[in-house]
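Consider the two complexes below, in which chain A is the common component and chain B and chain C are the respective partners.
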Partner chain A sequence: MAASCAVGLGVSLARGLVRYAEASRLLAPCRVLPQSCIHTTTALEGNKNWERKNRVLHQPQPPEETRRAAEVFHCRRQIKYSKDKMWYLAKMIRGMTIEQAIAQLEFNDKKGAAIIKEVLLEAQEMAVKSHNVEYKSNLYVAESFSGKGQYLKRIRIHGRGMFGIMDKVYCHYFVKLVEGVAPTEEPRTGFDQAKEYVQQLRNRTIIHSL
Partner chain B sequence: MCTVVPALAVQGPGIFPQPHRNEETEEHSFLDNIFWMAAPKKRRTIEVNRCRRRNPQKLIEIKTNIEPCSECGNLKQKHVLCGFCYEKVRRETAIIRGQIQAQEGKPLNNPAVETVVLYEGEKPADTDAGKRIVERKRQRPSWFTQY
Partner chain C sequence: MAACITRALAPVQRVLGHNLTGKTQCLESLLDPARRCPPPTLVQTRTKKRHFIPPSVGAKHKTFSEQESKAKAAGVVVRQQYMERVINITCTAGIFDPYIPPEGDARLSTLSKEGLRQRTEQLKQSAGSQLAVRKIKDHDPDFNTKGFPARAQEIFIEAHANLTSFNKENLHNLVTERCYPEMVRGNRYKTLRWSFLESLEPPRVVHVRCPDMVSKGNLYGQVTVRMHSKQTLAIYDRFRRLMYGSEAVPRDVLEYVVFERHLVSPYSRWRMHGKIVPAWAPPKDPIIKTIMIPGPQLKPWEEFEESNYEVPKPKAVQWHK
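Take a look at the complex of A and B:
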């Protein structure tokens, strides 16, 4: 996981690193390319798709349709924390109202809790300022998850001249706040699951039959 | 002419000691020792790993003992003092302590009498006759009762 201790001998690992460096130089973005495959981002920048989701413009709704709930997408990149540890906090606040989530994070002792609380408060402010949300507490956490950031690699010295490559872990945190009340999902019982399974079996058809 | 057969300078044992072989046996014993160590037999699949990492025992429990403070309205835990109110009191006491330090001058110079903190517009009462007085140039805070 975090400290990937691939114990190897010095020379072969150095050769491996040199090969990796050469390959990355060969695959560097070219200056002259046909129009269909222009890379405007480098490998180091990563995907910024979550931030782009805020710029989506929907069609105007007809008057009889129910009002589409306002959605706010927010994220923080390159947090110095493990994505696996951050996942537990993200999982805890899924589906909660924003006030509940902030309360839980305030009294949690983990390092990521303070960071997620900051992100939620920023997102709440963004929602009220620029996303047409009327009441700042009328939001709930629709989606919340963590992703792997770009790691730094360091050498961790073991005994007998061996060494491993240590990863300095970073993570991203993504959250989507939606206006309104969170939809309550009925907990699926075993009986419901069995019923669905039987229905799936009954829906099967024999192809190319009469 | 008799050829002189080279003889050993030292009459040692018949079998020569071989230091080179000792190094090899050391390497072998290091690798041999690994044989008796516990090692995983198979790779743990991601499904098995997920079952272990996500089972309810490892998930964070949500706290049900959070309530708003009756004084300031910030959130607090039921069995813990409100953090905001505590910080407010801590700042005021830090200022009072600074004034006491300035009054005393050097460390371990406190007089053997009680201390009374007086805010703006307050006179020392008769009961505060021989006590040390610390003046604070502000209105008395509501939470610091005089009597």
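Take a look at the complex of A and C:
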């Protein structure tokens, strides 16, 4: 009984297969994909906010204010280098003028130095061409930092049948160049720190006192 | 049981061909003594039944041309699929037979000899324009050279006002598709402040042409209007700093603006199509920031001598924008 049912099913399945075969061969498949997506970035793409900062239109300035300094944001994604090693170079050039930074990186032996130098030169060219910066050497590095990129995972084989997951590291590098002269910070002496400490003590409020 | 199986498997076999597993073949040979297959050797086979066999596995005719011929033979007709896309051409790609403005147009008065010669030349040029005007009037009876310039100036002012406020819809109605990218490119993050102060001379139609595109009857009318006016222009960049011009200082501007309309279509309008810049036009003001002009390519042993080097100047050619 069960066997005959199975056989019956088999027959109908076979007939269905035949029909499907004929249909799929002759008609070209065409599908209309819906296009109502709000979130179009996937998890694999990462966020591209740094690039978007270049597409901001600022508010009009009142005439009394000083002329706003031009800012250029540039980055490079998925550099085959460690973010911790890149950090040392990024920290080194913070606050330098662009010419000084390029000179320092040119004679630095690290692998990331050549990459950061390329990024700085690209950013300089971009600034002059599309962001209305007048003198290409009148720029300084306002912000410079590295971030973690998307890693690839590989297997590293140890002895005794053990294995570890090896990360192939990638990093991103971000830089912001600002037109003008870099602001100099006065170095804080011990006396300044002591003065601040005393001021903090004086600012305390004593509650529940007479 | 075995007979049921063969009956069940018959349609499958018909479609998919006889290349099934050795097991069923063995069965068949057992059941059908007429076949008389040789006794099979021990062949390792999968015992797990594959439940779904995609139809493309057993397909006899793999290539598309074979399938097509089979379908034709079977009598299946597939309607011809038109991979077409309709494109509407609503404007021409340029200015045909451009007007050559006479030299010193706004500087000479009509009373001097030079001015008279200019006027006679203009009259000669207008022979071709008269023909074109007649062609335009066939399609658009409201057109006349007296009333058109005022309307043209209105369109011009409205188009530029919409450009400053960047109203795309209105701008597309007032300006052709060829002119739109030229007006708008590079301006997305810039602020434009433009004002039309007054018209110094009444605008005048100087040149009319009626080219046709693609096929013979497809007429487009191009009318060049000469406008002498006072305007102010200031361009601010992304950071709201002045890039070019000034809002306070007005300038006298002599322009030859081309308007176009697709005459054959009843829904078309007269729209701004481009501008003609004559060869003798005075150079524009430089932009506020300083630009580096790349110098000559020097070999390592050469030195740059300032006295020998002349900054290359652009050629004085008429061009239309």
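Descriptive notes on the structure:
Note that the second predicted complex is superposed on the first by the 166 of 210 C-alpha atoms of A that agree within 3 Å, B and C clash if a C-alpha of one lies under 4 Å from a C-alpha of the other, contacts with A are read in each partner's own complex, and residues count from 1 in each chain.
Basically, contacts are C-beta pairs under 8 Å (C-beta built on N, C-alpha and C of every residue); 3 or more make two chains touch, one makes a residue touch a chain.
This is a predicted model, so every value here is computed, not measured.
Of the two partner chains, chain C is the only one that A:Glu134 touches; chain B does not reach it. Touch criterion met: A:Leu89 reaches chain B, while chain C stays clear of it.
Judged by the touch definition given at the top, the superposed model places A:His58 against chain C, while chain B stays out of reach. Of the two partner chains, neither chain B nor chain C is touched by A:Glu196.
Counting residues of chain A touched by each partner, chain B versus chain C, the larger count belongs to C. Contact residues of chain A toward chain C in the complex are 3-4, 7, 10-11, 14-15, 17-18, 20-21, 24-28, 55-61, 67-71, 131-132, 134-135. For chain A in complex with chain B, the touching residues are 84, 88-89, 91-92, 103-104, 106-108, 110.
Of all residues in chain C, those touching chain A in their complex are 1, 4-5, 7-9, 11-12, 14-16, 53, 55-56, 59, 67, 71, 76, 78, 81, 189, 191, 236-241, 243, 289-290.
Across the complex, chain A is touched by residues 53-54, 58-60, 62-63, 66, 75, 77 of chain B.
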